[in-house]
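Here chain A shows up in two complexes: once beside chain B, once beside chain C.
Right after this comes the complex of A and B.
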């Protein structure tokens, strides 16, 4: 696991308030109670702060899984 | 009253936006000012020197998404948060029904409402409990005004948008309210025809045109903790035009 992958997992832990063990590529929006619309915005804030990026609104709408979060970070120039 | 608060104001170079910037700086707010005018930098310097607050000038167009992202990104870097967002930038379009050019109408909606939706979505990510969103609409958005159908409609949309997000954000402790100025002495209203100007002043119960400072004082109330339990409201500042 790269440093940035570890940071991303921690974003989910801090943003959603879930255990790190739950954060796998298969974790998707609304698949756990904590990843609702409110949790989603907290997660986005965490990702933007940790990686010092500003996500486009369309990207936030499309970020619906851990796997997609990794792909999105690559788009913003973050090596995963 | 706003010491240390981080405030974003659009349309800040003149009129109501400038008055709000001056009012907020005088009570200790750190400001991120936005406007198309290159003269904004001079205002930022003047407010910093007069009040000792941090003032950043962002020159650009609110229709430009990268510009808006840059403003919010600057707030993240400078303070890590936004406490107050004042969506004030707006344009007026005159024209009787049947004579309203669609390209101008689209531009009116782009500035008056779509830019507000766009900026608010970016800014709210940096807002937390106690934060306040102040959207500047108009009495025209409440009651309609002849000869400004497209403008009135765009301001009506500002009101509806604000009432909706007030409901969405209340649970997070973020407030959203509308300022609905009446006839205020700004460059925008000075551009109206003399006949319009006279009719508007005659419709004001208090018998005088409003000053930008009249609106700024109410904006200060909505930005401060004095209005901590006020959200989803449309506050008229019109000297009795709606009375």
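Right after this comes the complex of A and C.
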């Protein structure tokens, strides 16, 4: 696991308040109670702060799984 | 100390300003925007709304609304001035208030914390300005998104009722369990984000 992948997992842990073990590529929006609309805002806050990026609106809406989060970070120049 | 009637009149004239959104007192010219939101299929389902809303039905509701105290209905506007939803406090008394009728335009709902801040502003008003001890909300039994959000705010289940043949759950939030500061970081981030985007 790369440093940035570990940071991303921690974003999910901190933003959604879930155990790290739940943060797999298959984790999707609304698949756990904690990833609701408010959790999504908290998660975006964590990702933008930790990686010092500002996501486009379409990417905020499109970030609907851990796998998509990784792909989006690559798009913003973060090596995963 | 102001009476309920005085407070109602005041907050029907005075917007409640937030960081990402404002609660703007409903006015007749907002009818079409609210009708559009109320007729969204998901909204009709979760509000258990039988017929189609029209400007005429909205105007009739507005007429009755102006006759009542303890009822505040707002249009939620973002900082660019767009109507992005609505929110309401009603049945406001010296002890309690109900929140409800919240709609967030799906075009905006997942790209900024509209529902979160609109509810925080309404509940701060209820607890801090009207001085209530309890805020209540009711939601359809299968409205899990709203239930999840309100569980984060500290609401606890307090019963159920049948409304036009549909089971609704009733939730209560006591003043001592209301901790809006838990969400300040999220709202501040998104507020600053908007500012940077407009630079």
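Here, the second predicted complex is superposed on the first by the 80 of 80 C-alpha atoms of A that agree within 3 Å, B and C clash if a C-alpha of one lies under 4 Å from a C-alpha of the other, contacts with A are read in each partner's own complex, and residues count from 1 in each chain.
One rule holds in what follows: contacts are C-beta pairs under 8 Å (C-beta built on N, C-alpha and C of every residue); 3 or more make two chains touch, one makes a residue touch a chain.
What you see is a predicted model, and the numbers here were worked out from it, not measured in a lab.
Chain B and chain C, once both complexes are superposed via chain A, clash. Looking at the shared chain after the overlay, A:49 reaches both chain B and chain C. One of chain B and chain C touches more residues of chain A, and that partner is C.
By the touch criterion stated above, A:6 is placed in contact with neither chain B nor chain C. Of the two partner chains, both chain B and chain C are touched by A:57.
Of the two partner chains, neither chain B nor chain C is touched by A:20. Contacts of A:41 after superposition on the shared chain: both chain B and chain C are touched.
Applying the stated contact rule after C-alpha superposition, one finds that A:74 touches neither chain B nor chain C.
Across the two superposed structures, the residue set of chain A contacted by chain B and also by chain C is 38, 41, 45, 48-49, 54, 57.
Chain contact summary for the complex, chain A toward chain B: residues 38, 41, 44-45, 48-49, 54, 56-57. Residues 65, 69, 72-73, 76, 80, 118, 121-122, 124-126, 171-172 of chain B are the ones touching chain A in the complex. By the touch criterion given at the top, residues 109-113, 115-116, 145, 148-149, 151-152, 183, 185-186, 189-190, 193, 196-197 of chain C touch chain A in their complex. On the chain A side of its complex with chain C, the touching residues are 30, 33, 36-42, 45, 48-49, 54, 57, 60-61.
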